[in-house]
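One chain, chain A, links the two complexes that follow: it is found with chain B in the first and with chain C in the second.
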Partner chain A sequence: MSLEPQELSDLKSKIGREPTSTELQIIAAEWSEHCSYKSSKKHLKMLPMTGPLVIKEKGYDSGVLDVGDGYVVTAHIESHNHPSAVEPYGGAATGVGGVIRDILSAGTRPIAIFDGLRFGNIEKDQHARWLFKNAVTGVADYGNCLGIPTIGGEVEFDDCYQNYALVDVAAIGFGKKESLIKNHVKKGDLVVLLGGSTGRDGIGGSQFASDSLESEDRSAVQIPDPFIEKLIIEAILEARNQKLIHAMKDLGGGGLSCAVSETADALDVGIEMDVEKVHTRESDMHPDEIMISESQERMLVITSKTKLKKLQAICKKFHIGCSVIGHVKSDNQMHVKKGKETFANLPTDVVANATLLDLPSKKPPYLETIEKERKLKPITDYSKLMIKLFASPNIASKIWVYGQYDHEVGIRTVTKPGHDASVLRLDNGKYLSAKIDGNPKHCYINPREGAIGCFEEACRNVVCTGAKPIGMLDHLQFGSPKDPEIFWTFLESLKGLTDFAKFFEIPCVGGKVSLYNETPAGPIKPTPIIGVLGLIDKKPSVPQKILNNDCLVIIGDTKDELGGSEYFEYVHKFIGGKCPVVDFEDSKKNMFSVLKVIGDRLVKSVHDCSKGGLAIAVSEICMTNNIGCKVHLDAVPGEKLPVDRILFSESHSRYLLALERKNLKRLENILKKNRVSFKEIGEFGGDKIQFVDSAKSIVDLSVERSQKIWLNSLKNLVLHS
Partner chain B sequence: MMKVGVVVFPGSNCDRDMHHVLSDVFNLDAQYYWHEKSLPKSIDAVILPGGFSYGDRLRAGVIAAHSPIIKDIQKMAQKGTPILGVCNGFQILVEAGLLPGVLLKNESLNFMCEWTNLIVENNTTPFTNQFKLHDKIPIPIANGEGRYYADDDMLKKLKKKNQIVFRYDKVINGSSDRIAGVCNEDGNVVGMMPHPERAVESEINPVDNKPSSIIFESLLTKIGVHN
Partner chain C sequence: MAIFDVHVIIENKPGISDPEGDTILNDLVLKGTKKAVSKIKTAKMLKFTIQEKDKRSAQSKVQEICDELRIYNPMVSKVTIAVFDA
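Here is the complex of A and B:
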């Protein structure tokens, strides 16, 4: 159990007596970092969380955005890092299950999944390969079985995740505004536990996730059952259609303890429940175990006595468990009984509100020297280097991953995975674009600018599809907050995200904090993951097929900021230098200009420039469109730089536009008017990826050969090395 | 108006997609039928959609093949009613003995979701009668157990009785003779692994939505003749 001595004495003074063992278990689960956000909560308030499209309702586990015509989109992000590091298949699968239930609990149908996966060095480490392979299968098996398309994500490898795994899952839901669960309950309403049975799996999982992995407690990992989850989704949506649900919450971290206390606290009521009524998969479970079990695929539903029969009939149709475990009271107490005997009776505000911490922070000393560059070995053959990069795990195509995910089911996927952001069609004729991005290499060098960069990159990706960003999700993953230096990096990232969100008026609609991500070799690099949702009002006009003689225009300056780039880290094995910094004004200008030229249908395709820089971004366009391109590095806007820096700088706010030559003049006029830095830098055609500097050939590669390596290397690495 | 039944098993997950295509794209009267219900005699065609009935436990389709509704489907199959099984629906029809062969795990042992091409090998079924022989259909697959297997004797028989309806245009998952879809001897029961319902709308089809639409247009023609 993870209660600190101070917390124990707080609890005693709040309730004025010794707590029972069940109360201690409930409090330990609910006051864990995972459930209570006790280290971060005070600071998270700085993020802007309201906006014209944001719908707020008490007790929602996901963010809700109004997308017009009576429809809403819901979104949420979660991670399942600790379990996935121990048992990657089950950890990743239950990670999907958890976030899907968050979407469901608002009363919306889940329509898309995104996964962000991070592991150690898969080229060297067999364990990292094992974690990667099984986490992918876990996401695939769960999402595919549910029939919810996994339409996007990212995969990254870094030595800082050695013997560890970050598994982030975001989900999107869609529904009618009028069908949203209102979360209004009355005294006497019934509390129903619906879905899978409660067992001993996942006992104390949230406490397990609130500590470093040193004391591996394997029984804390939950067991996935996507079939039950699918039945729950259909049963809940049928119950929603019949208006049988007064309030609803999913059972996640902290199990019943958390769901019951948080529901009661959020709705300002009391709940009395009987553990004997809970349907269990083992006969001799102690009340303590029942209260903190994190068995999956369970939902807490509050309904009225008159509606119960209909709810039971639905559960019977789907053959899922449905137990009335208690009822709503007006006393604001969480009262847990077994038959007539009381095992816990606590004020809900005590349970649901841990004492928040004000942890000290201190700038880590490594940051004073990290920006200094070291002399690098000169590159003699850039074509050879490019081939090496195409095959590198971070740059290689992730088709081996998303090819295992059903990304078509639901028949909404207009833009499929493998592009900048995926696009879904909505029932009101609008389109939703979404992407998640992270960049621990940048964040390690500069936690503030790195985090802003992740945010801007996710926005860029969404903008490349023609969508205007309307909301963001943040997932802040760091090491132990008790280390002031780590906590400083957390605060810096959070402040950066807040500044960007406010400047662009993009509300944070959901988020999660995951701390204590520590490996035997130390804390992970700061790893904020940002998800951005964007809306397109009419049918997207990009991407279209690129043909011979189409021209390539770059928007945005290329700067000397290669710290944390793949070029420095993968090629030169150097961690350091200045990481890219987002200029807010330029970012805004560039973003809105791209949206304008897409809206005016002047471009065929837009691709953002990120990992691997201009060299990789142009190559990706060539490889996905099966066409060559000749790029003039001397024409690239920005300060005068050596060719390697122009090729591989990961400066933000840059977009690559492919367009027919006849539209070039109109495009230039708009960009000039908007005072955007841009230049035509190349022309498509032939079957080669070529970069030249003045007249000198720098890179000359066959598209076909590049494609082969880029598409197959990740699969070969996982299966054959 | 022509009535089409969409059978829903616990874990079906392409039922809503199929229903949308039948009713919103082809203006048919599509109705869901829960696996414990019976099918009305007045129905013109039955479709078993894709998904993970019973979570693919034991083997894809094997538990659903014992659902109460299967008896009705068997009767309709004998009567000559057009019946189409897509993906998990195909697996269920095979497990129920309505179609020959078996479906095994893909050669990669992974779930595969990708766009591929089908070649029409039999244009006499209710779902292919508007195709020309060897027409090409761009279409997505999404399955883990999609490798059609038939031993040599059965393959010979399938060819002889013209029961191979679709082949992939290249080897993708190790299917016997690149088979992607088959029919029963009478030709009225067709099973296919790829998903036509994901390919008939241009907005979500990156290649060409017309060929896969012909699968549904064939059905319309077939029933139109009956009426």
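Here is the complex of A and C:
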């Protein structure tokens, strides 16, 4: 149990007596970092959370955005890092299950899943490969069984995740505004636990997530059951349609303890419940175990006495368990009984509101010297180097991953994974674009600029589909907050995200903080993950086939910003240098201009420059379109730089536009008018990827050969090494 | 040296749920008339044929292989190994 002495005395003074053992268990679960956000909550308030499209209601687990015509989109992000590091298949799968129930609890149908996966060095480490392979299978199996498409995400490898895994899952829901659960209850309403039975699996999971992995007893393993989840989804949506649900919450970390106390606190009521009424898997479970069990696939629903019969009938029809475990009272107490005997009776505001911490922060000394560059070995053969990069785990195509996911089920997926962002068709004729991005290599070198970069990259990807960003999700993953240096990096990232969100007026609609991500080798690099949702009012920009003589235009300046780049870290094994910095004004101008030229139908496809820089971005266009391209590095706008820096700098706010030559003049006029830095840098045609500097050939590669390596190397690495 | 058959049974630890077993029980067996059945657990069995000097070393060798290659996850699974003369 992870209650600290100070917290114990706080608890005693708040309730004026010694807590019972059940009360201690409940408090330990609810006051854990995972449930209470005690280290981060004070600071998270800085993020802008309102906007014209944001719908706020008490007790929502997911963000709700109005997309017009009476429809809403919901979104949420969760991580399941600790469970996945111990049991990658079950951990990743139950992670998907959890975030889907968050979407469901607002009364919307989950329509898409995203996953962000991070592991150690899979080239060298067999354990990292095992984690990777099984986590991917876990996400795939769960999503595929549910009939919800997994439409995008990202995969990254870094030595800092040695023997560890970051498994982030985001989900999107869709529904009618009028069907949203209102979360209003009355005294006497019934509290119903619905879904799978409560067992001993995952006992104490949330506390486990709040301790670092070294010290735990590894008992918190959760077993996924996607078929029950599917039945729960259908049962809940049917109950919603019949207006049987007054309030709803999913059971996640902290189990019943958190669900009951948080619901009561959010709705300003009390709940009295009887653990004997909970349907359990084993007969001899202690009340403490029932209260903190994190058995999956369960929902807490509040309904009225008159509607109960109908709700029970629905549960019977779908073969899912349904127990009336308690009722709503007006006294703001969480009262847990077993039969007549009281095991816990606590004020809900005490349970649901841990004492928030104001942790000290201190700038880590390594940041003083990290920007200084080391002398690098000169590159003699860039073509060979490019082949090496195509095969590197971070740059290689992730088709082996998303190929295992059903990304089309539900027939909403207009743009499929493998492009900048995926696009979903909504029922009101609009389209939703979404992407998640992270970059721990940049964030390690500069926590503020790195985090802003992740945000901008996610926006860029969404903009490439022609969508205007309307909301963001943040998932902040760091090491132990008790280390002031780590806490400083957390605060810097958060401040950066806040500034960017305010400048672009993109509200934060949901998020999660995951702390204590420590491996035996030390804390992970700061790993904020940003998800951005974008809305397309008319038709989305679906990439069109690029043909001979089409031209390539770059928007945005290429700068001397190679810190944290794949070129420095993978090729030169050097961690350091100056990481890319987003210029807010340029970023806005470029974003706006790209949306304008997409809207005017001037371009065939738009791709952003990110990992691996210009060299990789151009190659990706060539490889996905089966066409060659000749790029003039001397034409690339920005500072005058050596060729390796132009090729591999990961500067932000850059877009590659492929278009027919006849549209070039009109495009140039728009970009000039918007005072955007741009240049035509190449022409498509032939079957070679070529980069030249004035007349000198720098890279000359066959598209076919590059493609083979790029598409197959990740699979070969996982399955055959 | 002799040849042995080594059976490795991998199942979820007691207390960890077994959705597949539960589904077979609830949605197949109990749907019929076989009400006497109260529990079904699923497991995976691997049958090794191995050359070793005796039963004990055959068992420990197979255990070693399963541990090293992570054929099961020790956090989740219970493993039972039985050795037979081939």
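The definition used in the following text is that the second predicted complex is superposed on the first by the 718 of 721 C-alpha atoms of A that agree within 3 Å, B and C clash if a C-alpha of one lies under 4 Å from a C-alpha of the other, contacts with A are read in each partner's own complex, and residues count from 1 in each chain.
Going forward, contacts are C-beta pairs under 8 Å (C-beta built on N, C-alpha and C of every residue); 3 or more make two chains touch, one makes a residue touch a chain.
Source: prediction; values computed, not measured.
J.: Does chain B (first) or chain C (second) touch A:227, or do both, or does neither?
T.: A:227 sits against chain B and chain C alike.
J.: Check whether A:281 is in contact with chain B, with chain C, with both or with neither, and answer first, second, both or neither.
T.: second
J.: Name the contact category of A:90: first (chain B only), second (chain C only), both, or neither.
T.: So A:90 only meets chain C here.
J.: In the three-chain superposition, say which chain, chain B or chain C, touches more residues of chain A.
T.: Per-residue touch count on chain A favours B.
J.: Just to be sure I read the superposition right, which of the two partners does A:199 touch: chain B = first, chain C = second, or both, or neither?
T.: In the superposition, A:199 contacts chain C only.
J.: Contact-wise, after the overlay, does A:404 reach chain B, chain C, both or neither (first, second, both, neither)?
T.: A:404 contacts chain B only, not chain C.
J.: Output check: A:146 vs chain B and chain C. Expected answer is one of first, second, both, neither. What do you get?
T.: A:146 sits against chain B, while chain C stays out of touch.
J.: What residues on chain A does chain C touch that chain B touches too?
T.: 225, 227, 319
J.: State the interface residues of chain A toward chain B in the complex, per the touch definition above.
T.: Answer in residue numbers: 137, 140-141, 144-147, 225-227, 230-231, 317-319, 402-414, 416, 425, 539.
J.: Okay, in this complex, where on chain A does chain C touch?
T.: Touching chain C from chain A are residues 86-87, 89-90, 127, 130, 196-197, 199-201, 218, 221, 223-225, 227-228, 281-282, 295, 319.
J.: Which chain B residues qualify as touching chain A in the complex?
T.: Counting only chain B, the residues touching chain A are 10-11, 13-14, 16-17, 20-21, 34, 50-52, 54-57, 110-114, 140, 142, 144, 195, 197-198, 201, 203-204, 206.
J.: Taking the complex as given, what residues does chain C use to touch chain A?
T.: For this pair, the touching residues of chain C are 12, 15-19, 23, 26-27, 70, 73, 75-76.
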